[in-house]
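In the two complexes below, chain A is the common chain; its partner is chain B in one and chain C in the other.
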Partner chain A sequence: MKEVVEGSHAVSEAVRLARVQVMSAYPITPQTHIVEALSEYCAQGRMTGRFICVESEHSAMAAVIGAASGGARTFTATSSHGLALMHELLHWSSAARLPIVMAEVNRALGPGWNIWMDQTDSLAQRDTGWIQLYCEDGQEALDTTLLAFRLAESASLPVMVVLDAFFLSHTYEPVDIPDQTAVDRFLPPYRPKVHLDTREPFALSQMAPPGCYMEMRHDIQAGMRRVPDLYTAAENGFEEIFGRRYGMLEAYRCEDAEIILAMAGTAVSTSREVVDDLRDRGEKVGLLKIRMFRPFPTDLLRHSVSNAQKIAVLDRNFCFGLGGIFAQEIRAALYHGEWRPSVFSYISGMGGRDVTPEIIKEVYGLAKAADRPETESVWVGLDPATCPVCRTA
Partner chain B sequence: MTYDPEIMTETPMRISRSNISTEINKTGSWRFVRPGYDEKTAPCSSVCPAGEDIARIEMLVGQGMFPAAWETILRENPFPAVCGRVCFHPCEGVCNRGQMDSPVGIHHLERVIGDMAIENAYAVPHPFYGDEVEANRRATHGKNIAIAGAGPAGLSAAYFLARLGHACDVFDADSEPGGVLRWGIPWYRLPEDTLKAEISRIVDMGVNIYCRKPVTGEFLAGAATSYDAVFLGCGHGRSLHMGIPGADKVQDGLKYLHDIRRGKNTRTGGTAAVIGGGNTAVDVARSLIRLGVDTVIVYRRRRQDMPAFEHEIEMALAEGVRLMELVTPVRIDGDDDRLSLTLQQMRITDMETAGGRCRVVPDGGRTRILKVDRAYSAIGAEPLESWSRPPEQQPDLLKMSHCTLSTHPVSRLPLVFGGDLTVPVKSVTDAVASGKQAAMMLDTLFREGKTGIPERIAQCQVGGGPALSMEIYLSGSRKFRNPTIVPYTAINTDYFPPADRAVPPMTSPSERRASFEEIEGGYSPETAVKEAARCFNCGICNDCDNCRLYCPEVAIHIDGTRCINLDYCKGCGICVVECPRNAMSLEEEKS
Partner chain C sequence: MIRSPLPQTDYMTSGHVGCPGCGATVAMKFALRALGEKTMMVIPACCWAIIAGSHPQCSLKVPVLHTAFATAGATASGLRAALDMRGDTETVVVAWAGDGGTFDIGFQALSGAVERNEDFIYVCYDNEAYMNTGVQRSSSTPFGTRTTTTPGASWKQTRKKNIVEALAAHRIPYAATASIAYPEDMIQKFQRARILKGGSRFIHVFATCPTGWRVPTDQCIKIARLAVQTRVFPLYEVVDGVRYTLNHDAAPRPVRDYLSIQGRFNHLSDVDCDKIQTMVDEDWMLLKRKATPWPPLKPAYDP
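Moving on, here comes the complex of A and B:
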């Protein structure tokens, strides 16, 4: 049934429908609405799962690690500094092969203190062994959360479902909320491959000496390598029941495009409009929506851009000393490919600043005009005036 | 639909997992602080004159174990049902729970325990602590003790001495035992049956009580032939004389209470003045009100200076007793039917004296007249016989907190003075404390000689305070309790949800005015269990098992009692923090 719900609550609904058994979280804007709704569902008896209140995000992740080790389906959510605080346990949960699902609402890290949208928080966790899926709208947030449980449980790896702060988390849209029987068909109860059991006690995750540590790491990568297939299998099942699918990447009007815009998150929706507009004016432009960031879908990417001359990547994040993170990843993925378009890196829309159609058009114009990319990322939309709240030191 | 995709079946998933134990990793080597079970002293028990183990008593009640709770009280106090009613319960004033919401109803709980024991005829355990062999050995070395006065001090002395294996003969001038409990405290505060039941338990233990047989100077002189020691708990037998013109027209308040309890002097109606501000004055006034007498208390200082318990004053005023402050009678005129009291107005000169009361002097010539039908004095009392007061100066005198040990000037028979004449606070529970201290002093005197007494008494202090524990004296497990008093800040209040203090039923002031029936009702057993569960059980282990459950190294196991395996305890201190009641401590490792 379609309902007008907030992006956050689209995630909450999915978690409820997934019959999650243990949730634990610590509130942080802009994530709070997700777990607020979940705690209410538990209090109202709409969910039978346990909601564990904790004093920090580190403990929230520790609590779901414990629950998942015991064989429970688990969920948590966080943002920004909360995610940074979890960092240690993000490594733990993937290496322990626990299928934890987390909603991560992209928010800037301070200082300057900023609660708005920025992708650096989640991208900074790229080496932790978590699968990362970025969402464009409310429906996708709900669907991706359901997919995430199935993907996590089949790959024995944790999944981060990433949403833009406010642009998605706090925006109300019509969302089709599936009924429980349909979800139950898609997502049967979790059957852990290994879990702690008091009837047959054993110890988990203890010392791994040099003789086996490397092999265990290699196995995690073996699992990651399987994710595209597992994801496709899950999407097949999802489409069969719900009639929707998203893919790991979405190539929009890319077939004959000379310049392809690439990005993740809600800016994709705006870019879709801009691409249509430019196409109407005869520009050969396409759009690549990056949905899966880890594992990085290298093969699919190479295939998707095989006709383009240039790729203009719009990053709402930054890796200091290098550049936009999506741009780096795309460059690296294409380097050994048969077809190597030039990758232009643009930075915009950080800390909650709007990415307007004008900005996107400017990015397109800059990429079109340039012969080859600059060494450094190009920042678009910087205001030369001094902001009243941030005087130059 | 296949949910578990075939894809993963050939994908390896090695995770570190072991079916053998991790015992090889002795995490105890990381430790620099060491946790330990360290039972401490609850603030309530440290201020209880009788040194009752209140934290444990409430723990047992909370578990519904009324007989065990009663036995725990009996170790320190033979009068649970009496003290549950008449004690001024200083315990509740220092109750840590009071800092969270309101103090535990300790005195109500003591009362219900005492009442249930009477109602269900709980058997007095034998022996109380230690084993049968020790108890029998004590009995064969028992001495004969004479006790003067069957009041709370004398009866307590007899009780504890009997517990220690000594034979006791109690002598009292009155027709029935109980002293102030029997004759001084009105029925509405202490019903007669309750008192009788607790006294008969002492008689059943083999204590002989001889009534209408006052101890005399002569008896004392010859006592050495039959007894090894005498305890003197004679109390204040004679009321103080007012020493003003017409003082003989005033009736003795103490005697009036005594007469009422005998069923005499139940004249009703009219008006009366009660002179004084202590508990006796309030008891007299409240008795008069019950007989339909319009009563006014005349007191020379202010209400807040009255030595009577505040709670009792409040009840008296609610029942209709009036209070005249800052006046004192200077002469009394009139005949038996109508008295005219000339009252001198008093003036405050010093707000706070050392005793906590204001100092007053006559306010010039300001006087007023109070006309009443009768007047009663309750301005204090003194001992009946000069020899019942402990000597002030004597070379071999040993003064302790609640008793004084001396010897008979001629026979050299050991004499212990106790009760109201030696206690710091004149209360029933202090009288019990006095009897207990006397028993410890005499027992130590017989076993080790006089020089051993101060040290032995010091060892029995509860929380380093004046209260003494007979359980500690007899080497019960309480001996190992750390004297440190548990502060509120040491309680992990997360484990205690807010809960209102249970209030027992009470008759209304108008009902109270009409009868001598007991005012306050008791808790039901169900209420008692609930109220006891409010107790933090400060400093003592109630087997909640938090320490064991929260230990991240699983280093705590139960082998009869809880043990910490120091090979694995890494000293994280979680057990100590998660102990709700501060029954554990963390100590730095000595290298």
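Moving on, here comes the complex of A and C:
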């Protein structure tokens, strides 16, 4: 049934429909609406799961680790500093092969304190072994959360569902909220491969000396390598029941594009309009939506950019001392590909700064005009009045 | 032949890697005898994270969930929730942590869990320093102790944190101290804790560490007994944070009897020992006062 809901609630409805058994979270703007809704569902009896109101995000992740080890379907949500605080346990949960699902609302890291849209928080966790899926709108947020449980449980790896702060989390859109029977068909009860049981005692997550640690890590990567196939299978099942699919990447009007814009999150929505506009004016431009970031879809990326000369990546994040993170990863993925377009790295829309059609057009214009990418990422939209040392392209 | 009325089935095997004379292993042995097989242990980083075994072996015959250092209280909360959701209300979840994972890095998660009145037993086996990493001080290290981070003339000048009092302030349903030198008392307390389902129970177990305390390895139990006899480590219980019961109230031995036989204290002067005696006497007096018969609280209104 279609309802007008904000992105946060698209996620919480999915968690309710997934019949999550144990949730634990600590509030942080702009994730709060997700967890408040879940608490309310439990209080109303619309959810029978347990919601543990812990005293920090580190404890939230610890609680769901405990619950998942006990065989329950689990969920948590956080953002920015909360995610950063969970860091050691992000490593822990993936290495423990626990199918935890987490909604992560992309918010800037401080100082200065900034509650608004920025991707650095989730990208800074790219090494932790979590599957990462980036959402463009409310429908996708709901669908991805449902997909996440199925994927996590089949891969035995945790999944992060990423939403833009405010632009997605707090934006109201019409969203088709599926009915419980349909979701039950897509997502049967969780059947853990391994869980603690007094009838068959064993130890989990104990010491692993040099003689076996490397093999355990290799096993985790073997698990990651299965994810694209498992994801496709999950989407097949999803499409059969709900009539929608998203893919790991989406190539929009890329077939004959000379320049391809690449980005993740709500900026993709805006860019669709810009690409159509530019195309109307004869520009050979396409758009690559990054949806699955981990595992990085290298083969699919190489295939998607097969004719382009230039990839103009928009990063709403930054790795100090290196540059935009999506650009780095795309560049690395293309390096050994048969066809190697130049990768141009643009930074904009950090800390809640809006990515407008004008900004995207400027990015396109800069990429078109430049012969080769600069060594450093190019910052777009800096205000010299605010920051005297800022340099614009 | 004397037959002990206490439970005799062990859920711990020999062949573990505990140091000779390790008090923490004695603590686990008695605890598991009392708790039985429907027990799950949540063990954060501590000596027992190692003693429990290295992949692929385990020295315990109950399920063990190893967890990160700061998380025992939170992980145990999550595990309990999962068991409840799966319909298992019989198994008891036990967080089994050292003093580091209880008093310091684990304190937040413990305080949070107890404030939520989580249904678990939290056991701190206390060897009074970060022993697993090589004898560095913790907030459980007593006044007067030399450790690797309170060495030489910088021996620890601050008091041992009183963890039972801190949790009593949370109005925890049940908190108690226990000693490996008083096995009947210890086992009864674990049995009591096991029956008290539905809320948080905390047991603070004195666990001698010959390695870190610089004492001969055959002195483990004797030192634990002296700690109680000198009133350095009183045996008592607190119900609902307000009703205190003293379990051992005999004429005391001087603290010097306890301090003089441990290498970690052998730098202390007469003045230092006198000071420690005064602190022990004062703490005992406070405890006695709390243990006097408590008048029932009258409600503010008559319903």
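Just so it is clear, the second predicted complex is superposed on the first by the 386 of 393 C-alpha atoms of A that agree within 3 Å, B and C clash if a C-alpha of one lies under 4 Å from a C-alpha of the other, contacts with A are read in each partner's own complex, and residues count from 1 in each chain.
One rule holds in what follows: a contact is a pair of C-beta atoms (placed from the backbone, for glycine too) under 8 Å apart; a residue touches a chain by one contact, two chains touch by 3 or more.
Keep in mind the model is a prediction, meaning the values are calculated, not measured.
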Return fit or clash for chain B versus chain C, each positioned on chain A through the superposition.
clash
In the overlay, answer first, second, both or neither for which of chain B and chain C A:22 touches.
second
Which one hits more chain A residues, chain B or chain C?
C
When the two structures are overlaid on chain A, which partner does A:70 contact: first (chain B), second (chain C), both, or neither?
second
Is A:233 contacted by the first partner chain B, the second partner chain C, both or neither?
first
Figure out whether A:205 sits in contact with chain B (first) or chain C (second), or with both, or with neither.
both
I need the one stretch of chain C that runs into chain B once the two models are overlaid. Options are 219-227, 237-245 or 273-281.
237-245
So the chain A residues that chain B and chain C both touch are 202-208, 212
Given the complex with chain A, which residues does chain B contribute to the contact?
1, 3-5, 7-8, 11-19, 21-22, 25
Please output the residues of chain A touching chain C within their complex, sorted ascending.
21-22, 24, 49-50, 52-56, 58-60, 62-72, 74, 88-89, 92, 195-198, 201-209, 212
What residues on chain A touch chain B, complex-wise?
95-97, 150, 154-156, 185, 188, 191, 193-194, 202-208, 212, 215-216, 219, 222-223, 226, 229-230, 233, 237, 240
If you look only at chain C, which of its residues touch chain A in the complex?
37-40, 42, 49-50, 52-56, 58, 60-68, 70-71, 73-86, 91, 108-109, 111-112, 115-116
